[in-house]
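There are structures below to look over.
Heads up, the next two complexes both have chain A, just with different partners, chain B and then chain C.
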Partner chain A sequence: MAAPVAIHLEFGGGAELLFNGVKEHHVTLPSQSEPWDMKQLLVWIQRNLLKERPELFVQGDSVRPGILVLINDADWELMGELDYQLQDQDNVVFISTLHGG
Partner chain B sequence: MRYSRQLLLPDLSVQGQLNLSKTSVLIIGCGGLGCPLAQYLAAAGIGRLGLLDYDEVELSNLHRQVLHGEENQGQAKALSAANAVRRLNSTVECIPYHLQLSSENALQLIQQYPAAKSSTYIYNVPTRYLVNDACVLSSKPLVSASALRMEGQLTVYNYRGGPCYRCLYPVPPPPETVTNCSDGGVLGVVPGIMGCFQALEVIKIASGQGSSCGQQLVMFDAQDARFRSIKLRPKQTGCAVCGENPSVTKLVDYESFCGSAATDKCRKLNLLSRDQRITVQDYQSIMDKAEPHLLLDVRPLVEVDICHLPFSLNIPLSSLEERKSEHIQLFQERISQLKQQMAGDCRPPVYVICKLGNDSQKAVQVLEKMSGSEVDSITVKDICGGLMAWAKRIDPTFPQY
Partner chain C sequence: MCQVDEDYHDGLERAEVPSVSKKCVKCKEASAAVVIRAGDTYCRGCFKEYFIHKFRAMLGKNRIIFPGEKVLLAVSGGPSSSSMLSQVQEGLSQNAHKKLRFLPGIVYIDEGGAVGQSVEERQRTVAELQAVFKATGFPFHMVPLEQVLDLPSSVVVTAPAASEQPASAYKAAVDHFIQSDSSSCSTAQDHEQTSVPEVQESHTQLLQQLIGSAQTLTARQDLLNTLRHHLLVHTARTEGYSKLMLGDNCTRVAVKLLTSISLGRGAQLAQDTGFADSRYGDIILVRPMRDYSAKEIAYYNHMFSVPSVFIPGGDTKTTDKASIQRLTESFVTKLQADFPSTVSTIYRTSEKLQTACRNSSTADQADRCLLCMCALDTAVENASAFQATLTSEQLSQNKPSGATGTENPRQNPAPVEQESTAPSGQCCSSGGEDCGRTERGGGGGCCSSAKEPERTDLKSLLCYSCQLTIKDMSSLERLPQYILSEAQRRQRRSQMREEISEFLLDDGDEGS
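And now, the complex of A and B:
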């Protein structure tokens, strides 16, 4: 059994509007048999934080185009994307790209 | 010695200043980012500035587009910005382009800026891909920023092994997820800060110091007064335009690629059939004939407070989507009243309006699902073009915001 994982989630660039405008969330992912990865985190967010309009956040088993995912201040592409295994105290940011000026 | 204070900086020095004076920069968009960007580049002694914008100055621009003044309303933004820049520094060669960037003219224009520092602010998705591809195809760095509400973002694309816009966003976002300034609002100083930041990166690149934002995303949160730098992925070998086997080798049709129109103001959704929509003229005659109906305004309260039509019922689109019970109840009450008034007709007409006619279409779809189950049966129609069409075609005294 993997121990529960406490992580810090942040939403920005408008993505927070899908979460009642709340930008920062401290959450604890319950213990489970395998380690938590990003793919499972997206499912967990959909079930536990995102109540409305999931199509504005996810597409297939990843995030929708136009949302950038950052793990501990780095582009998730550098970290293994969906396969990244979450560590206790990780910081995960979902940022929607802005189109204004 | 106009530039003596910056010449004293070892980071710039005489050589850096000479490099600056030989640099050409194309600024795409003379708005909230483009104004401070042009201002600081001109003040610093850039060689040539191309100022491109298809739009005219409006009163609602002035809170953030600080090169334009009250007397410039109605003038082309490119001309107004060029005049302001010339007043500031007559030694800068300044070329206004009052036109919209397109697949036909983009490459030719960008290639005219041989010192290769094209810097831009772009407010919509198709133009972002267009400018990105044009910069990749002509090997120019793209200093790109954006600002919305209380947030800003900045990245230098296609620069020293860093990613291009497509490396980061290979697939365009669904059009309905894109919010722009005329929908979402923006505090003027936020693009001001981001435009100044762009000027800084352009000056660093042009003078030879180089930018450190090539593989970084800088995020600015005005609410928390916080800047953050995020390390981005490098240039992607599989990228459609800058990768090893690019499939995009010339400019393509970006509007169909992105599924939305390239002008900020006319981003129009088309979700409904013709018989589900009426024009503002149709609605005026309904009002004139005093036909019984319900006018539903689905904008957020903050916009309804700015202006609204009399007799409209306000229920924001989000409340309809979330089926907020107090709002649904209110809606049902008004439908019942209308039914009594109409005696006999069992499907009272509901006309839905918003600012530009996008949210109202979504609301019509939601209400049609609810009709006959969650509320009494109704006939729902969208008023095309929303309140801004009303202001333009029916009532010129109605505020345009």
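And now, the complex of A and C:
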């Protein structure tokens, strides 16, 4: 049983529009049997934060191509992408590079 | 290979995932923060150095911007142009060892009116950007897009280029500049505070009608792009700038390249995507950011807190198939996700492109498209793809029932540009108030030139792609006056040339 994880989420480059225009979110992920990874976080975001048009944010298991992810100010490609296990106080940033957000 | 449902994923070996402990490829000490291309990991410090160096290298290599020259930066508030602004600032700062030596100014085009933002929203955005621009200390100009309605027709006339500079002139100019006053340039800038001109409600409405008259998002974006360019060039001319810097990044250039091909702008590709673009003659458009990918820019802006303002546009929150531009972008980014060299491959292709036919800088005034200012690609012999397209279009319009296969966003439901010989009624199969109007103007098949001069006139003055855009517009009367009057002027000119052609010695070449 993993403890709840408090993380800081940030959306930019137009991605915030899908979250009512709110850029920064401090959220606490509830405790669950296995540790939280990015894949689960995306599902959680989709269920709890995303306000509209999920197809503009996620695609399959991952984020939509053109949306960049930084975990603690580092490229998520360095952190194992979807398999990264979230730690308490992690900082996850989503930046859309698509034209018009 | 190349089967419809072939699954490429099996063959794709997932590149081994570098762990966070992987070091920077440059300094080999600090831990990596950014993956730029597959396998190239940079730490924060090296990434910053690399990014800054690239900007200077781009300008140094191309030798287009002369020392002491006034350069207008077109900043939209988006990541790329904001990043460009910060690079110029960085390059001009005193402690930079290879200082940039030009005099920058900033222009921001407020397009809020065209995309239906409220006055308050626009004011907020402008205020936000104004604060950013003020912090730079550069002179700046806030221009609402509505001003495009009041442009003089000289905007769509190519001005003669400033005397052609030989390659050696650049070095001489640099030497001269260093000797004379290298220190005074950044201090002598007058901090002129350009206040935002008031926008009349009626102008906003006119602009909205103009943009709204384009029936597809593809045409709307194309039109907006054209108008924006005209206004940028006009601002540069009136404020005395000779270069205009645009913030197109590598990803955008790649998308633009494929979009342009889909829009029938093959002949203009080199100018649309190249580093320097001299279609306007006196004002050279420069794209210094075209070496950076959107990812690099987004990371740099995030890591070094470059301020940028997000402004929703006409294509915000639209689906992939909303417009050709959008579709191409999604195609490229999706391909890029699995094949990381997609963008750079397309981009390298764009570097090699050159216009084969006429050199557009020498093309005659009358041989240029009225809207995009590129050399016309429509003066071709009968056995060409262009003529074939026209012929098949005419043939298909004779059968109203078979004319609508509109899966393609570009295809126009209303064949408004009916040839004058077509009987009325047929073209109205697809509706549209304008369609009926056109046909009434055209009469029962007689020549339409008398009552509908603009449409016929315009078509002959446009390149293939701009013809398609115009075709998607329900009404041409809403086009800004400067375009219409220049069209009439060119039309009169060519008419006159025709009338006196017998008396001319050559094929009318000396008429201009």
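Quick notes
The criterion applied here is as follows: the second predicted complex is superposed on the first by the 97 of 101 C-alpha atoms of A that agree within 3 Å, B and C clash if a C-alpha of one lies under 4 Å from a C-alpha of the other, contacts with A are read in each partner's own complex, and residues count from 1 in each chain.
Going forward, contacts are C-beta pairs under 8 Å (C-beta built on N, C-alpha and C of every residue); 3 or more make two chains touch, one makes a residue touch a chain.
Fair warning: this is a prediction, and the values are worked out from it, not measured in the lab.
With both complexes brought onto chain A, simultaneous placement of chain B and chain C is prevented by a clash. In the superposition on chain A, contact of A:Val58 is made with neither chain B nor chain C. Applying the stated contact rule after C-alpha superposition, one finds that A:Leu98 touches each of chain B and chain C. By the touch criterion defined above, A:Gly80 lies against chain C but remains apart from chain B after alignment on the C-alpha atoms of chain A.
Overlay on chain A, chain B versus chain C, candidates 315-323, 333-341, 369-377 or 387-395: the clashing stretch is 387-395. Residues 12-14, 52-53, 55-56, 65-66, 68, 70, 73-75, 77-78, 93, 95, 97-101 of chain A lie in contact with chain B in one complex and with chain C in the other.
Taken in their complex, chain A has these residues touching chain C: 12-14, 16-18, 52-53, 55-56, 65-66, 68, 70, 73-75, 77-81, 93, 95, 97-101. By the touch criterion given at the top, residues 12-14, 52-53, 55-56, 64-68, 70, 73-75, 77-78, 93, 95-101 of chain A touch chain B in their complex.
Across the complex, chain A is touched by residues 29, 31-34, 121-125, 128, 145-149, 151-153, 168-174, 176-181, 184, 186, 191, 194-195, 217, 219, 221, 228-233, 321-322 of chain B.
Listed in rising order, the residues of chain C touching chain A in the complex are 17-20, 22, 32-35, 41, 79, 251-252, 255, 294-295, 297-299, 302-303, 310, 312-319, 325-326, 329-330, 333-334, 336-337.
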